[in-house]
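Here it is, the structure in full.
Labels for the chains are A, B and C, by order of writing; each one numbers its residues from 1.
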Amino acid sequence: MPLPLRYPLGNLVVRRTRTLLTVSVIALVVVATTLFGSLISSLKRTLISTGNPRNLIVLRKGSTNDGSSGLTLEAFQAVRFFEGVGRDEAGQPLASPELVVQPFFRTPSGGRENVLVRGVEAVALKVHDDVHIVEGRMFEPSQSEAIVGRGVSGRYVGAKVGDTLEFGRGRWKVVGLFESHGSSFESEVWVDVRELANDAKRPLPYSGFRLRAADGADLEALIRRIGGDPRWALEASRETDYYAKQAESANTLYFIVAGLALLAGIGATFGATNTLYAAVQSRRAEIGTLRALGFSQAAILVSFLIESLAIAVAGLVIGAAVAAGLGRLVSHLLGGIGFGAATFTTSVIELRVGPTDLVGAALLALTIGVFGGLAPALRAARMRPIEALRKA
Amino acid sequence: MKFLPFIWRQLVRNRLRTALTAGAIALAVALVCLLLTMPAGMNAMLKNLASNTRIVVHNKAGITYQLPYSYIQKIRAMPGVVGAASWTWYGGAFEIEKGVTFPNFAVEPDAAGVVWQDYKIDPQQLESFRRHRNGALVGRGTLRTQHWKIGDQVALRGTAWPVDLSFEIVGEIPNDRSPVFWLQREYLDQALRAAGRPALDSLGIIWVRVDDASRVEPLMREIDDTFRNSEAQTASETEQSYFKNFFSMLQGFVTVILIVTGLVALCIVFIAANTASMAVRERLGEIAVLKALGFSRRLIFATLLAEAVLLSTLGGALGALTAFGLTQALHGASGWNPALGPLGGFVVSEAILVQGLFLALFVGMISGVVPAFGAARRSVAATLREVF
Amino acid sequence: MIEIRDVSRIYRRGADEVHALEHVSLHVDRGRFVALMGPSGSGKSTLLNLVAGLDRPSSGTVEVAGQRLNDLSEDELARFRARHVGFVFQFFNLIPVLDARSNVELPLLLTKLGKAECRARADMALQVVGLGERAHHKPAELSGGEQQRVAIARAIVSDPEIVVADEPTGDLDAKNAVEILGLLRDLCREFQKTVVMVTHDPRGETFVDEIHHLDKGVLQDSAPGKGAA
């Protein structure tokens, strides 16, 4: 017959200090790994959510990056009429020529960050139809106007709607704010492509183009056609693949999280084991009595494992709550975390603790609970009634 | 201290608990040390590579904006300038699928030796770099990550410029923290012209070596004033400032790392405190006897605290050693990681080891205080009444 | 040696007030073997604690070895105990992780003596109680009687004037009990120590010089023991 739940849980309450300390250890481990893990997942989420499955990105062959590629006007004029490229209601190709530049922006604290400025034409909003202007309006060409993404707004001096941004060689009036489901476009500033080319004095007018495939078009065929054209060295890929690749660089970071979870988890397990062993030791007589009364070894084992798991669960719940709160606090204070050694520009990530992070934390906590409690629970179960009743 | 054997014996009385606690603390300290390598990597780069007599001149609009090549000639003629060399981003990818995994720049070999005298590049290697058009000087950090050695032939695919180039590694920049790959500017220029492209008449950034640190500020102002009304305005800054700005991109990430480190350190406190309180609780009778024998409260407090500190310190030492060992193992994987940049060099320095050890010591003290104080304060007679 | 005048001790246990001792007066000469006897809760242990400097009275004066213990602070009492009092308890006497010799050396750690000197004295004390060859054994390896003998060795190692014993034979069988009582008496005779013992053990009467009975915190009567020389 199993022991009533009141027994293991009651014991935890009685030994308050010990229980609390162990719960805290587990909670801290959960917070640490969850925070770190969610940082990386937030980065990945931002990158992966960017990109439309029906869009292609065309760059110069060999460029892995928007910012380091350069294309000619002729190339654009030809490719936009390829079969497979979608058209809008007026029959114009859904092809968006773009120029990417990374000027300095000043932060209010006096720091300096590279920000991705994308020169576009009006058609860009049709090709990137996930991008929506939520405040103000789209810029007018040749008016030195700009629209900013949600992540940019407020992060830099003059980056709010109505203010004036200073970057490159000029001043740009911010006339609109756009959102795009938290994708990396929200870390960008969009301006008129011709004005940008002028300001940046780039030899080539565009760095790449984005194409929306026509409904029912074969994307692979289009990709092959663009890549195989002997006139220009171009390379096309799906937008989703392009951003997924960038997200890959975040994978090495997962190693760090795993390492952190492993080391911290083992440490916490040791801590839990200590606590449980002491509990078993101090309750020898009690255990002997229970065994003498007829409770089976399995019942004792289960009871102690429940104690261990209860501690782990308490640690998980507290840790998850603190991690979520801390994440929000950090996000609020830092206004999004800047990432960008790889692409040389700042991707503004909103730190958010997501469901996958919590699942990972739960696994960690439960592992600690089970492994931490196993050895002591076995010792308790194996105690012979007579030995336990003898004076210590 | 003559009480040391007594304190030691208390620790080994429950070997399992001591081992588990020391182990937990060791792991936590190892973790802290490893985490601290990240921001330390940044600072080490700053210390190791930055010189206080080098200035960076770049386009005011941004690092990715070019400057006319004529600027460097004007700067070379200014008083106080020992030498000036330019960096122009080539952006070559070694493995095209991975993209650009280390920074590579076109430089002028003659000027390079002067501007970066402090890097102590082997003069013969510098000479080789000068003579071989397709020579490359590579920083040790990248040599290590890519498993290259001097004499290797390396081909890079151009991602920013429409030419692919192949090189022979003729020398190294003898600094573990240096990730750069230098190629000859002439080589890039020739290749562009051969491909039917215009000649290379712009540059990325200019590095200027000044004869004396006191001339740095005035020279920076002079340079910026000279080009203030030109097409491309310049912004000059010291090398330190340049690195710091570069790192400020990573600030958010570093903040999270530091928070996590703090949390782990707190873990150590709780683990050690838990053990200390358990140990004391079990020994209340014994402690009462010691007090009866005449051990003053202060002495009891001191021995209990010493026990906690000794345990934590042992755990800390073990942890520091583990961290050290781990980084030796990780060394092959470390270097300039594209995602982490300068944060990726997991090198545990002596400073970090010492920090880890001190953390353990400090933590031991904090964690032991409350149980020790509680035990010391209890009235002997009251304890004897309860226990006996 | 010991002068207790009109001493009362009241303490709190939870919400209640316990009158452990009520106006007790006692006088013990040097070199005497004294037993405090009485039923459970009679206050004999409390009285012992006062004599030993483990506790302070609520009222009255306690003078031991020429010192007024009332006025001393906690730290001063600790120093007093270290110098003037030896202890033998019923349970938990010895530190389980230390061997016999180290246990005996414990009080000497509080003095300024060097390691060699401490060791020598500890060995000597063990010889006195007849456990010279067991110096390296841990308490778990010693019988109950042997453990008490080590405790006695510890009680005399720093040469205190007084030895205080709380139920020293409570946990022992007949043979060992008698041995311990004999040993305690020898401490008086041969080393001129004043031994104050709290006991239930009727055998104690044959060894001690005087017996004081307590009940409900009050000294009932005193009588000479059969061990009086």
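Remarks
Going forward, a contact is a pair of C-beta atoms (placed from the backbone, for glycine too) under 8 Å apart; a residue touches a chain by one contact, two chains touch by 3 or more.
Keep in mind it's a predicted model, so treat the numbers as computed, not measured.
Taking the definition of touch as given, a chain qualifies here only if it contacts chain B and chain C alike; none does.
With centres computed from CA atoms alone, B is the chain lying nearest the middle of all the protein shown. Spacing of chain B relative to chain C, judged by their CA centroids, is 64 angstrom. Centroids built from CA atoms put chain C at 70 Å from chain A. Chain A and chain B have Cα centroids separated by 24 Å. None of the residues of chain A touches two or more other chains.
Multi-chain contact residues of chain C (touching two or more other chains) are absent.
Of all the residues in chain A, the ones that touch chain B in their complex are 17-18, 21-22, 24-25, 28-29, 31-32, 35-36, 39, 60, 62-65, 67-70, 101-104, 111-114, 167-169, 199-201, 203, 233, 245, 249-250, 252-253, 259-260, 263-264, 266-268, 270-271, 273-275, 277-278, 282, 326, 330, 334, 336-342, 344, 346, 349, 351.
If you check the complex, the residues on chain B that touch chain C are 2-3, 5-6, 9-10, 12-13, 285-286, 288-299, 379-381, 384-385, 387-388. Those residues of chain C lying in contact with chain B across their complex are 45-46, 49, 52, 54-55, 74-75, 78-83, 85, 87, 89-93, 95-98, 102, 106-107, 109-110, 115, 154, 166. On chain B, the positions that touch chain A within their shared complex are 16-17, 20-21, 23-25, 27-28, 30-31, 34-35, 60-66, 91, 93, 96, 99-100, 157-160, 162, 164, 198, 231-233, 245, 248-253, 255-257, 259-260, 263-264, 266-267, 270-271, 273-275, 277-278, 282, 337-343.
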